[in-house]
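Here come two complexes built around subunit A, the first alongside subunit B, the second alongside subunit C.
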Partner chain A sequence: MASDTATPLRPGFADPTLNAQQVFRRLLEAMAQPGTLSELDCPLEPPRPLAPATAAAALTLFDGDTRVWLDGQARSPEVETFLRFHCGCPLVADPKAADFAICLAWPQDFGTFAWGEAAYPDRSATLIVQVERLEEGPGLRLSGPGIRETAEVAVSPCPADLAPRWAAMRAEFPLGLDLILTAGRRFCGLPRSLTIAEA
Partner chain B sequence: MPTSHTAASETETTSAEPAAEAGQTQQPPRGRPDPARQRWLSVLAKSPREELEALAPDSLHSLTWRSLRAPEIGTLMLRGRTGGDGAAFNLGETTVTRCSLEVEHAGQSLIGHGYVLGRDKRHAQLVALLDALLQHPQQREALETCVVAPLEAMQDARRRRQARKAAATKVNFFTLVRGDD
Partner chain C sequence: MNTKAAGYNYAYLDEQTKRMIRRAILKAVAIPGYQVPFGSREMPMPYGWGTGGVQVTAALIGPLDVLKVIDQGADDTTNAVSIRKFFAAVAEVATTTATERATIVQTRHRIPETPLREGQILVLQVPIPEPLRWLEPREAETRKMHALEEYGAMHVSLYEDLARHGRIAKTYDYPVLVEGRYLMRPSPIPKFDNPKLDRSPALMLFGAGRERRIYALPPHTRVESLAFEDHPFEVETWEARCRLCGAEDSYLDEVIVDDAGGRMFVCSDTDYCNRRQAAQGKPNPEMLGGKA
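Up next, the complex of A and B:
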């Protein structure tokens, strides 16, 4: 009988059109000014273990035409039901086939995702990486388009070898991945055009 | 929701979703359609709003529920088939309103979906509320007899009336002599 409530379904945005536009604006700002954190400004109670910012980015960017890959920690019936119901996005098992990925842990290897092709660098994946803490301050030193000189952002957890791995990817520019870091209600964009150094 | 180019995928969602999201009480396993629920959703979706309002129990108005997907208007591609085995073709688009909500009733949380033709948001909401309540084992029987059965009877009567009207205009053609034999 009513043993388990199966997979409870969480509501999405209160006003799907308006909230998605607001979040899209926040994501644009995050990508245009890397290192400047932007903050989610609408209420959202996402399914665990997604943070509000992660779920908001998903609700804004995913639809029936985007293939989405979830990492081991994100893959739960509750999250899958939430994404299928609200975004209608196909969930894929192969990270290479994904347009977007939700990573609750930093991926071991950026190479498992699509970096695009020389003729179509846009055919690459965008990773939404959820971390525990994001602050403006000493941590990663970012430079590149959208930053006057350098910007510093503290990310935790953060893999020790992020800078060399990023540099290896940067060498393949314009191929590569774009990252959206999320923590709680905050976003930080790491577009592929950046140069990252440990501060 | 959907602009016209996403309508095709919406078509699939419509049929798959109510069953896939069922996952409550003694429903069949996820993804397997529940024939009883398919039947009442079909009856509810085809009933005009006035009939739903008239037959819906008073308890419907005192329910506590929260919205999972506020009523929204979109379009669906209607597909047809020429003859019994012809290729499918797109007949045209129609306006559809859908709504999903979660009802807390007697310690259970039930998810109801409503899809109706037209642009009436309250109509879709009523269907979703009734769908949620109908999944509650203690409510189902009463609702089946007081709401679903009468609605179905009215639909049948409507259909028969229309069929009679159409039948009255039917013209039969007889071929008395065929030219070729």
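Up next, the complex of A and C:
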């Protein structure tokens, strides 16, 4: 009976060591040069509805030391099995307790996650926000560390009030959240140090 | 994965350690100049030999990377040679001495003279990451000072230099302010190299192994060397030029050449000097003989 109802388990990285290294470098590029999109360069067929980039970031960064929160859309037996098996990460119900979150819909309120403490701003959540489409070009205008002048990135969907919400969070710097946007095989980093305006 | 050094994971560190360091690096990049604590591991070399830099490099490096390692600007000193051999063995990477060919440059105490470009990563070895440490020994207090941007003590310390010597006497590890927010120690690079930190196109990662801290400067980050309006920041200058290549624009080492007080000045950056010499048609023993 168990074998009939067991949740299918999708494979992780073909070469966990090498692929994690490659994906980390793409994530590092995305975070260090916001607005410059980087692309997953290894094959991965994750459980739906996770995009390959979302799953790759999870496989690269999550393990038994990271508490992970999944939003309503990401939460499914298949995704949970995938993360538990490949990452061994505890899944938590309270977003405030999470080191990482996978959001398939933009969170309504950034304040539901941990922003860190004044003495330890790194004790804050990193959100992996999966969207439909990421393109370099008019959309959000980014400036700050990692960007020579300004960078433009088109994100869809994107909440209409992202810029003011981000500005409210930016005012609390160095506290805040760091976002990794994913779409298909693409990554775009939105570290808390950025200033975001609508282009 | 097969590695030449049998029995070790690729790039020496186990995967969980790499993930922990990678997470710390991403937080460090997101909060430029802030020191992220990390679980530094025992490395097969003593503290003070670049264990922080080695761990950062190990978390980054892949088979497609080209690694350059320098110590005080030189590719051929003990520390540089042993770290280069270490990664050639455990990570199977190509190594180089040419700055522009490297994807990762691990360095102790210098930033190369050849300008770095976008896409390169400079990994700096850091002995003491906390700029306020000699002013305030308690970590809990320095954390609070960073949280409150309470950097007056550092300005007083620089002012005391002015009062005593007529100039700021700090010549290396000269404190900087990152994006107008975090006070940061740039590691013991000469202050000559401080301008290279400002708006660098390359990513800079700082690893302190013994003190268990990682911090970062993303590309194009504003980095300001502390100074006073009436005593602006200045870098060292020399009357001499490099005896070997004639460079006037590079950081010079003073070398004692005999027992009679004879000395000469030469470039501290061996790659820069060797290639200038080669361009001038001077025979270069390093380029004639085989070399690791």
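A few comments on the model shown:
Simple rule for what comes next: the second predicted complex is superposed on the first by the 194 of 199 C-alpha atoms of A that agree within 3 Å, B and C clash if a C-alpha of one lies under 4 Å from a C-alpha of the other, contacts with A are read in each partner's own complex, and residues count from 1 in each chain.
Convention: contacts are C-beta pairs under 8 Å (C-beta built on N, C-alpha and C of every residue); 3 or more make two chains touch, one makes a residue touch a chain.
Just so it is clear, the model here is predicted, and its values are computed rather than measured.
Ranking subunit B and subunit C by residues of subunit A touched puts C first.
Contact with subunit C, but none with subunit B, is seen for A:T126 once the two complexes are overlaid on the shared chain.
When both complexes are overlaid on chain A, the residue A:I102 reaches neither subunit B nor subunit C. Using the contact criterion defined above for the overlaid structures, shared-chain residue A:A118 touches subunit C, although it does not reach subunit B.
In the superposed model, A:A32 makes contact with subunit C only, not with subunit B. Using the contact criterion defined above for the overlaid structures, shared-chain residue A:P16 touches subunit B and also reaches subunit C. When the two structures are aligned on the shared chain, A:C89 is found in touch with neither subunit B nor subunit C. Legend: residue contacts after superposition of the two complexes on their common chain; A:D63 is shown touching both subunit B and subunit C.
Of the two partner chains placed around the shared chain by superposition, subunit C is the only one that A:R148 touches, whereas subunit B remains out of contact. Subunit A residues in contact with subunit B (one complex) as well as with subunit C (other complex) are 15-16, 63-65. Taken together, the subunit B residues at the contact with subunit A in this complex read 1, 6, 9, 13, 17, 21, 23-26, 30, 66-70, 72, 100, 102, 108-109, 111, 137.
Here subunit A touches subunit B in the complex through residues 1-2, 5-12, 14-16, 63-65, 81, 85-86, 88, going by the rule given at the top.
Within the complex formed with subunit C, the subunit A residues making contact are 15-18, 20-22, 24-25, 27-28, 31-33, 60-66, 118-122, 124, 126, 144-148, 173-174, 178, 191-193.
The touching residues of subunit C, counted against subunit A in their complex, run 1, 9-11, 15-16, 18-20, 22-32, 34, 36-37, 59-63, 118, 143-144, 146-148, 179, 181-182, 199, 201, 203, 216-222.
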